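Each of the two complexes below includes chain A, the first together with chain B, the second together with chain C.
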Partner chain A sequence: MGKQITFKRESEMPMISVSLGDMEWNKTGAWRTQRPFYEEKTPPCSAACPAGNDISGFILKTAKGDWEGAWNLIREENPFPGVCGRVCFHPCESKCNRGSFDEPIAIHALERFVADFAPRLSKKTGKAGEKRKEKVAIIGSGPAGMSSAYHLARLRYDVTVFESFPLAGGMLRMGIPSYRLPRDVLDRELSNIEALGVEIRTGISLGEHLKLEDLKDYQAIFLSTGAHRSRGLHIQGEKEKGVLSGLDLLKKMNLSKRIKMGEKIAIIGGGNTAIDVARSVIRLGKKATILYRRSREEMPAFEDEILEALEEGVKIRYLVNPIRVGQKDGPKRLECLRMELSEKDESGRRRPVPIPHSNLFIDADYVVIAAGEEIGASFLPEGAEKREGIVLTRRDGSTGIKGVFAGGDLASNQRTVAHAIGSGKKAAMAIDAFLQGKDAEEVIIQHLIGEGPSLSIFGYLHPGERLRNPHVVTFEELNMDYFEPAKRQGESKSAVKERIKGFNEVSSTLSEGVALEEAERCFGCGTCNECENCYVFCPDGSILKREELFSHQVDYDYCKGCGICFTECPRGAISLKEEAK
Partner chain B sequence: MRRVITGNQAVAYGVILSRVDVVSAYPITPQTTIVEELSELIASGRLKTRFLKVESEHSAMAALIGASTGGVRTFTATSSHGLAYMHEMLHWASGARLPIVLVNVNRAIGPPWNIWGDQSDSVSQRDTGWIQLYCENNQEVLDTILQAYLIAETVRLPVMVVLDAFVLSHTAEPVEIPSIEEADSLLPPFCPDYPIDTQEPRSYSVITTPDYFLEFRYKVQKAMEEVPEVAKKVDDEFRSRFGRSYGAIERYGKKEAELLLMTSGTVTSTSRIVIKKLMEKGLSVAGIKIKRFRPFPSEEICEVIQGAKKIAVIDRNLSAGVGGIFAQELRASLYSREERPQVFGFVSGLGGRDITPALIEEAVQYTVEHPQPEGDILWLGLKK
Partner chain C sequence: MKKIEIPPEENLGHGHLACAGCGAAVAMRLTLKALGEKTVMVFPASCWSIVPGFWPYSSYRITAVHAGFVTGAATASGVRAALDVRGDDETLVAVWAGDGGTFDIGLQALSGAAERNEDLLYICNDNEGYMNTGTQRSSATPLLAWTTTTPVMQPKENPKKDIMAIMADHHIPYAATATIAYPEDLIRKLEKAKGIQGTRFIHLFSPCPPGWRMPSEQTIKISRLAVRSRIFPLYEIENGRTYTIQEESHVVPVKEYLKLQGRFSHLTEKDIETTQRNVDDTWERLQRRARC
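This part shows the complex of A and B:
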């Protein structure tokens, strides 16, 4: 360290005020009233992810070409990146801060890319180590059950999954057509879970083959049986031959059973099941007409799915409501009433009301009713309370019966794959807490992402490593001077005429180049990506590069607390707090 | 080579012959044709100089401060409002001891809006630490540019070379142009004191506490005090090579005259005729041309005024509330002397109005007739 240079007379001084030594003797840190510090914060995408994915974390790794690292990071929270990358409704993208700048990051496409590319590079996931003595039974091998099984296996429990169907996967297999979710993708991710030592026993149905009392050997039980019972329309003729529920039809098709249904299929309903049925039917070379009692605007199906269905030739008739399925045998004649929309109902959508004497008839060879699903409650054990169509649980997923937890569609009206995966993870943490005598609710609260309800297991599995910061980065906290508009890159879709020939996947995985480009668009809200703006802008040279740690550090001996690093950080990864006096 | 060129072309030749590395300027009448000439030569590739386009005179000077700190020879030209806009950077250039040469084509400062010549722009900058040299004709303009670099790089202070709007800037007269070899033999390449070196990084012009600031200003003053001797040497050297010299001042007319007429710039040319005519009429009169305004040539003046009773000064500038600046400076120079002639401070020719032989004669006549002036400011040619 240099010493302060002093001059006794003017002749010793240089001609101009030029530095002759260094200023290290002058510890300007003492002037500081505000302290900048690196603080990883939560990006809004992660906080919005029901499955609790570390989204900007995996995209950052993707942008660096570390696809295996990205894949492993996703799987810290979620064993189904290949599934979610395809079928999740990606609420992360609607919260993406980049959406306030140009277009949100195509997060789902990147997740899918990572899930498809990384396993080629990666060795198979090994077993989680020596098992604990406690055993956990999981009823249902859908996304909730398998997510729970995955995390419980990582927590070294002896896990057995009971599945009533002959194949595992639950609604992922039975409800989602393969043109949206190819079966090899699902099988790959299920087998990765099995590889952790999870046993899946298929063909065993709760209530029928199995009672809770039979599970005395298991110290905890997770109920994730889903919502498989189709709601009826309660109209005349709906129980007759030639009329089937949408979910049952999908199940049959997904179990490769042949169904005689004629040529013209009428599908009643406006949700994703109706669209899935219609698009599947088209692929069998038949005509599909959806009848929906409200208008396009109120349709609960995902917009992209509706557009793709229309492209493929699905007809949608709005504002019609069947009141009777005519003719017992052979082709059906649906008697409908025209509807009009009146004021909004409790769901916020405009309520359809029939127009008197507007009866019309629609002919169809086969009628499919897709009016929503509900849980089949007949098997429910005593003590598991049901309310508003779902099994009632506490915040930690526990039911009224000690040691029995419930999740997925069975215990929630937010019936998405991502929500199911999240609830399975929550159950795994709660079951571990329960079995280890910890306060499960406390555990859940500690590991919320942002303000919740999204949950991270990472900090629970790796105590002492970073917890997700409750601070969710807003658009206003970012510095847009450092970003340029860049077009969002999405998956390409195959041509309609190719699509309708069969059940091949409609969209294709991003190429490596495109994925890198898209990943580079990510603001990385709240996460330092070593862009070095702080290092470049610090007027005091008080940002230290720690290359071996891939991070930066503030040199508080000299930092004056001017806050330039805080302002110039493009992504809000630096915080500023008042210096303790 | 002898050519008929304007004052602004003479400046351009001076810059070319000085092998300037970086030119940065912003256009303003009546300076514009200087950098127009230079930029065209640079654009055509005939002149290997970097031209930095900037959005203002402030930036032009700032750019040159950077370039000069980097160790290269620099030039800019401006006038009037442009020079005023540079003001802050003028202080910076001298404080940083950068030998930048600037040509200021004298022009009045508005309002009222005016593009014609007077000295209010350059004399306003007298306290910025720049050497100021005023020119009488186009030959002197070219020669002064060459001398300016030699003086600036010797004492490490910037130099402002000043010429009158239009009368010199846009008027052509025969000028002897030295060859580049002759110019090179006079002016060696510039060697900076603290060059920018990435191997030995430095901070320049960093904050200096009250402990040392006074000493840095003392050094500026000491450098100014070296100027008379350095400039004389340069002028002598110049004379030995080219046969022309200018001095800090020039006295002409009758030896041991009772009345002296002090002028600067092109007014001197006119005065020479008037003085000659009055001498022929038998008047004891001589002229003093002030070339170097900063540092003010007090000693040189005192040496040539022995025996004079009165000095008439014609100022083409006005410091409102005081009067003509040259007269003020002269009064201050005389104060400590035992023998103090009366100073008659005439203010005339503002905003480009011609200072005709008749007006000059009127000033001399007034000085002859009055034992002392009737006030600090004597308005010459004012429409009363």
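This part shows the complex of A and C:
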């Protein structure tokens, strides 16, 4: 069959006009002016994840019930899914295409679900194979340092982390309160990193116990010491007893130190640290009042956190600015000025200006100043430049000193856990490139997700495997005919009454059923999930299946290039390009 | 999103001559999957005299009988009688006729077969015009549409003939509408029809990219919009009496459907309103029939 038939003489022809063969010889592919092809693309969520999670990939696995696979896929990029699923501000969700249809996917909640459920099924991560001879030192065990340690260990380097604190984890342990991030979750993910052969040496401070010159045995160094110096207000009385910085207070509480602070606590500031302090103080049975010099709209703290704080009884007074902490010992008396908002400043927020003669007094037993954190890098030697309060780095994270890289809060004004994780990964790739004599910038550019700055290490660790496509799928590229509106499923929260009794986690992990439902809402932008629409609707039977298995192959012998498969793919996993003439 | 399940076997071979993006080729592929190999299909003149290939070739993997334009239902009645004489009650006899071959020139033969309640499955592949001969109007061409015989200066003045009502009033056991954007619905209806004795009629709606002046990749979209806009509702009629409507939860104005097709590009806002009114009236009439 499939051949053309020729009759040499009339007697060879059948008596009636009956067909003798099929049309397979007629290669209709020659008609084609445009060519469809399978092409995995990048979903906008993934491009927006500073940690570089393969979001559509892990959600697809979750929807199939393969939690272990989902967990492993996240950990190709990010060793902290349990942490991120809880404390990341999830910029991924604001870019989620589903947001243009009904509501974004609860990505963080799924990430948390996977991180909590999969380890129950799976063994711990094994060692990364025989180590290379090169050694790398990492200073600081926060998310930036531990992320780079993790990936460097996967790249088989001999990694040592130096941490000045008695315990590892950075702000995840010392800053973020445990009602948002239970310590067993942090410990689990840290010990998975250690299991790769990473050594963490606590109680060693660079600058104090150790100088950069002492690290000669290490061929590369990653500085990730964070931003731990609290900014002052530069007002009278702020150095007195009974006044403490927000971060110092949280550190004390997180190391279970007792603090005498009376009953009424005034907290100055409007950021996340202020909210964390206020909610922690409420949990110790005290009264918390936040004083903020602008209005609710300008508050930099995360909206959900503000709402939860208010629910729990935190009071917020807006448009007041303390100018003096009165009374040396015992209860404090804060002298403040009322403020009003004038035109916008360089941050885009309206600038507060004092109203003359509007002085008022606020009484408190204890005053906490949470006016932001800055880096303290007195250990930095000559050659490492600083500007605008951060250590200057090149695109690949390298500093002015050869072999020394910096990342996390120390080198960025985007101070979030996910950014820190991403910068640690970038450093790992750049250090590997540096040690192996490759062009680090080139490596980084090759592995950007979408247009970046998010970065994927998957293709770097597994050469020959798919790279992330720079094409980011827009909502318009999807076919909404195949989706029905469905309610977004989020975590449930415990009752306020229960919450304020202690430091137990406020929100709970999704149940299996709910997680599956939520995972099924994901469009899977740019990733084929074998829905087979292309196969069903092809007029020319040119989407190949092998023994009932979907193949992702177009039969170009017969495909006429109509483009139906391209249009009917719900998720933009097929592309169409003009056929070469 | 639920996966669309269709039978695995392919009874339409590669290399056929349908235009790129032909809705009827999707329809044929799905139909032959549902009907299976043990089918004799009669083809009065239409695109489908040409699409499977020319003698001595055919891309059908079933038995196909080509017939005169007028004679679809009559030829099929004869094939059925011949099989009956041979004692073959297993093989299904079907007709695949265009809208021209059904609404117009083949109507007499169809009406006769239906009145006799011949045991055959008649599929009208409706692409709303004489497409094989270059897009002339048929009585299935919609109101105000362009064809080469209804040019834009004088687009079609008459609404589409209600073939389903005509067939229902022959009191045949089963009549149903179907279209390619709803493959599972189409396959279910074909399978159901297969299990019924007597004359069964499927009104199958298949967008035609060249004839409708639309991009080939929009074929399925337009088929779906036809249902969503209610210009082509999906329903079944049993014994001419019992109506079941497969209501689409997404309803869109008919403008959404019209605006993707060049054959409607001359329509003014007023024309679109007229079309919408026509759609609303027809929909209401269908619902009235379904209620009583």
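Keep this in mind: the second predicted complex is superposed on the first by the 552 of 581 C-alpha atoms of A that agree within 3 Å, B and C clash if a C-alpha of one lies under 4 Å from a C-alpha of the other, contacts with A are read in each partner's own complex, and residues count from 1 in each chain.
FYI, a contact is a pair of C-beta atoms (placed from the backbone, for glycine too) under 8 Å apart; a residue touches a chain by one contact, two chains touch by 3 or more.
Just so you know, these numbers come straight off a predicted model, no measurement behind them.
Contact comparison for chain A: of chain B and chain C, C touches the greater number of residues.
When both complexes are overlaid on chain A, the residue A:Gly65 reaches neither chain B nor chain C.
After overlaying the two complexes on the shared chain, residue contacts for A:Pro470 are found with neither chain B nor chain C.
By the touch criterion stated above, A:Pro14 is placed in contact with chain B and with chain C alike. In the superposition on chain A, contact of A:Gly129 is made with neither chain B nor chain C.
By the touch criterion stated above, A:Gly502 is placed in contact with neither chain B nor chain C.
By the document's definition of touching, of the two partners only chain C reaches A:Phe483; chain B does not. Contacts of A:Gly389 after superposition on the shared chain: neither chain B nor chain C is touched. Annotation: chain A residues 14, 17-19 touch chain B in one complex and chain C in the other.
Listing the residues of chain A that touch chain C in their complex gives 5, 14, 17-28, 31-32, 481-484, 520, 531-533, 536-542, 545, 548, 555, 557-558, 560-564, 566-568, 570, 576. Contacts from chain B toward chain A in the complex involve residues 95-97, 156, 193-194, 202-208, 212, 215-216, 218-219. Per the touch definition, chain C reaches chain A in the complex via residues 1, 3-4, 6, 8, 10, 12-23, 25-26, 29-30, 52-53, 55-59, 64, 180-181, 183, 209, 215-221, 224, 249. Of all residues in chain A, only 7, 10, 13-19 touch chain B in the complex they form.
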